[in-house]
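There are two complexes below, and they share chain A, which is joined by chain B in the first and by chain C in the second.
Take a look at the complex of A and B:
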């Protein structure tokens, strides 16, 4: 944005009104309300008169850390999100590199590779719930036995399904990055007699660092906040090994009716996304809308 | 014949490409193919994990409408997500126009907020929104929770940050001379926006509208709490259908897969139709 195009004359600031009003009522006020509720002793008995509920300062937070599954849930959330994010890297890069050269049917392949990302999470969850059931097709094909949707293996089920649904985002950003690799770079690599592997390793991949790290960051944020997939895949109450933070928060509110405690947990999850979010906001150049180069 | 520059730009030898793509397509298409096969298999065959269908049970697609309230759910989803798409694209255009064409204090803060707001966990806002709607309903003497309005307003607001961001990146590409000329002729900002900018920015409007539609179509979290059996969306209907299959005699898995496929079709169709624009939107906007 330069000085020439942006003007201060006759600014129609009223055009912010609809969007601003909605954001205020449905996001800003509830956010403030959440911080307040997290300090109240609010359960199913006090919810009707929630304004008059007892103020208990940070007791909910203390209880969340000491007597609930919060710490365990944070661990699960971070561990599985990190694993999924790491897994996205080879898949996304491989797909971007393999679809870069022109070949017959490339358009179709590109469209198909994105389908898992496009499918609604509730459809992905319902489908894999059937694939992974004890007598289901997964156990049949891989010769495995037993439970995937319960017990220790459920953690890996969550990683696999979330990875299946999420990796195309990294592919998409890596592919966009590849498009912007300059033609002269390829010329230079060819002149130096670099083989395909050396060219990938030393010339192409370093250029993708920006868009790919952006993709990984977004993927991590998405996974930490993801509610629908674990909720639909495992149901509630969720198995101990996949008790991720969003599902735990939901169950605490709408099954156990411990509203104050639940909101305190959710506030903690806000802190959890704040760190990667800060990195993300620094990386995106706001005035051009382009990711880091 | 490949051109020389194409030859130079080649990244992978053909065998390596074929091998890589075969593996990736197998990973992607395997579950998708099973979904299609299972949707025309008998419930028993799916429950036993049979690889091939025991006959072609296309009637699964006829029976789901009686087994579940999916039809009502789909109508609700279309109404809600459709309204969200249209209104949010328009509201986003209004905000984005001011953000791109006018200078004012706090502009950068608003742009940053557009990105930050997309990362607020929905689970944090769910209960406060519920409490707020319930209190407002009591104060005003109307019903909010359980109506389509409750989720509509919620989705509309959650769609705005991304929709606005998409419109901002789009309007930036329009030459400012266009509206400057109209302004010199004495047109008001509203006239410039509706007569000059809006007709030129329909690809941007489509992208932000489609993303808003998907947000409404895909949500389970808010719909599971803010709707009642009559206003339930297809997403909640399918989730309940799936969750109710355990513990019973014979789970109707074939039908469940057919229902899941029906819920996926509109989304995949939208994606295929608008693919080019949507991919551009995803890479500029970032967060889904």
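Take a look at the complex of A and C:
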């Protein structure tokens, strides 16, 4: 105990000041405010004097769970995000491995693969909205009929479009991971008589675990939080099958002016994204500062 | 530095920052206004962006001549942008002095209690309450003594129709009842041509139809703080509106995915005979389309579905009271100057020039009377006079959303060519609950 205090005193803690202050102003204060607002009956009638809004403890949370579509929206958000994340894995890995070896035009191919990822979500949403119209290109090409932007198929439309826009992230991280696999490891494996499949399975993939799982985590969190794409694609009010959490939160705030309720929903979604994040941090031991064992 | 000092310093800094943000420097309007800048927030005009910039400069110059103060215009791109700006300004107590708001948003703005209620004296400063068309004052406040919105532009809804198609079918004029319109639409539907163009996926159009039909039936969706979304006439209105596509087959099936602009485009390509629920701004698009010169505007039907004449208690509303109101922020340090700006904007001269530039009708009585004689505008001016206001309640946005939601969730059935009675009843029940809760909260 004594020893620990001694080492602490030796540290120049004041150097935390700029960063600490920034964290306080940018993260801690707004977060505390958000938590407080989620306990208020804050709406269009009380926004002007918001500090004076009625304190209603956890009523907003009760209302969110009992009377709103929150639980349904969480279900939709998690289900589609998980599907998209799972879908990103084979696509991203395959593309990374396919563009690993040098060939003519590789730079171009690599750039083209990133296009969906760098396009703004608004552009992606508007474009796919046109493609998926009842008389749009998608129905014409696949000979299908009917709706993609409402009804049961809209859920799959969301999965497909989000997958299209999101998979290059996994590709990018996998490609970066591949670069770091030392050439000598490949040589050693080849000398031991490993074929391409064995090399991939026992040499390359284990080394990609770190970057790829980071990619999948970011992808999952990004999907759970994605607002623009579903908003542009389906509009508000959301069709029931694609009523995702961020859009629901938005509607409560900016269409229904139920700010307290909306913030309560936002707090719930914060907890939601914190869970996989905590699992990941635990797994890579970033939280202990000791690095993976 | 030990930890306690560190915490104390951080807290002091944070508090200091907060206090600075709350600070304010009071100053009056009396005397010299040079150097004073007023800010006005307005929606960006995507149809006439350059003209709008020129108009800003013109207003600013004129205002400077009259008062010595300058006006700076800020624009918002969407209703959401606008709302965010209003929210932050209202909470912070600083921001634009004058706002131009959509009429249906005025009750919500009133509910925030952040805008100046106009007393007699204030009305005099904007040139008198009687300079405005009486109908345009319908949504300025809950009653005559509590008005915040000053009418600035009028955009009543009308119906465009294809003159050639109607003539070819031997129809001399559009019907004045919704049932009659449906029958005409059936008559006009043939290969490659539909009777009606409707934007079922629009975020706003659907509720306007339902509002109109139920108001005409004498059973408005909201009356005296009570919602009637689960009433028989509301259901009939939905059945009529959804039935055009599902059962009457007078609307292109693809319209389940259309927004208002796509409905206008379909009409512009000559694929539909009637285009209800458009404002005068559709003229810009239509005059460049294939139907240029072949279409005209008429008021929408005023006899509700299932009726052949206006029922007792029914209001022959041709449109919601639509357009822009301007409001002055309570926190503005230059209230009198702000009112002087509104006076300038609503003067006969400026209103006429605003109409000529942007196609939005004047709210100024004299300017509107002068325009009424133009036959091309007859239907639009008529609709402006026969518009009825949506209920003045802070809960209206929620009611509006609940009404639209019923259509959104009915689209899958609609696409399959049916209006499921049980499902519609269920949706209307939910909408009723949501709407009534919102109205109960209204203060």
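Note that the second predicted complex is superposed on the first by the 249 of 293 C-alpha atoms of A that agree within 3 Å, B and C clash if a C-alpha of one lies under 4 Å from a C-alpha of the other, contacts with A are read in each partner's own complex, and residues count from 1 in each chain.
Here is the rule we go by: contacts are C-beta pairs under 8 Å (C-beta built on N, C-alpha and C of every residue); 3 or more make two chains touch, one makes a residue touch a chain.
Treat the numbers as computed from the prediction; the structure is a model and nothing was measured.
When the two structures are aligned on the shared chain, A:257 is found in touch with chain C, with no touch to chain B.
Touch criterion met: A:13 reaches chain B and chain C at once.
Once chain A of one complex is fitted onto chain A of the other, the partner contacts of A:151 are limited to chain C, with no touch recorded for chain B. Of the two partners chain B and chain C, more chain A residues are in touch with B.
Legend: residue contacts after superposition of the two complexes on their common chain; A:98 is shown touching chain B, with no touch to chain C. In the superposition on chain A, A:29 makes contact with both chain B and chain C. Of the two partner chains, chain B is the only one touched by A:225; chain C is not.
Judged by the touch definition given at the top, the superposed model places A:43 against chain C, while chain B stays out of reach. Looking at the shared chain after the overlay, A:237 reaches chain C, while chain B stays out of its contact range.
Once both structures are placed on chain A, chain A residues 13, 16, 20, 25, 29, 47, 50, 133, 135-136, 235, 254 are touched by chain B and, in the other complex, by chain C. Interface residues of chain C facing chain A in the complex, by the touch rule stated above, are 1, 3, 6, 9-10, 13-14, 17, 80, 83-84, 87, 90-91, 108, 111-114, 201, 203, 252-254, 256-257, 259, 394, 397-398, 401, 404-405, 408-409, 411-412, 415-416, 438, 441-443.
Chain contact summary for the complex, chain B toward chain A: residues 2, 5-6, 8-14, 16-17, 20-21, 24-25, 27-29, 31-32, 34-35, 38, 46-51, 91-92, 94-95, 97-98, 100-104, 108, 111-112, 115-117, 119-129, 131-132, 135, 153-154, 156-158, 160-161, 164-165, 168-169, 172, 176, 189-190, 193, 214, 217-221, 224-225, 235, 238-239, 242-243, 246, 253, 256-257, 259-261, 263-264, 267-268, 271-272, 275, 279, 282-284, 286-288.
The touching residues of chain A, counted against chain C in their complex, run 13-14, 16-17, 20-21, 24-25, 29, 43-45, 47-48, 50, 133-136, 146-147, 149-152, 235-240, 251, 254-257. Note for the complex: chain A touches chain B at residues 1, 4-8, 10-13, 15-16, 18-20, 22-23, 25-27, 29-31, 33-34, 37, 47, 50, 91, 94-95, 97-103, 109, 111-116, 118-123, 125-131, 133, 135-141, 164, 169, 172-173, 176, 178, 183, 186-187, 190, 196, 199-200, 204, 214, 218, 221-222, 224-225, 227-228, 231-232, 235, 245-246, 249-250, 253-254, 259, 262-263, 266-267, 269-270, 273, 277, 280-281, 284, 286-287, 289-291.
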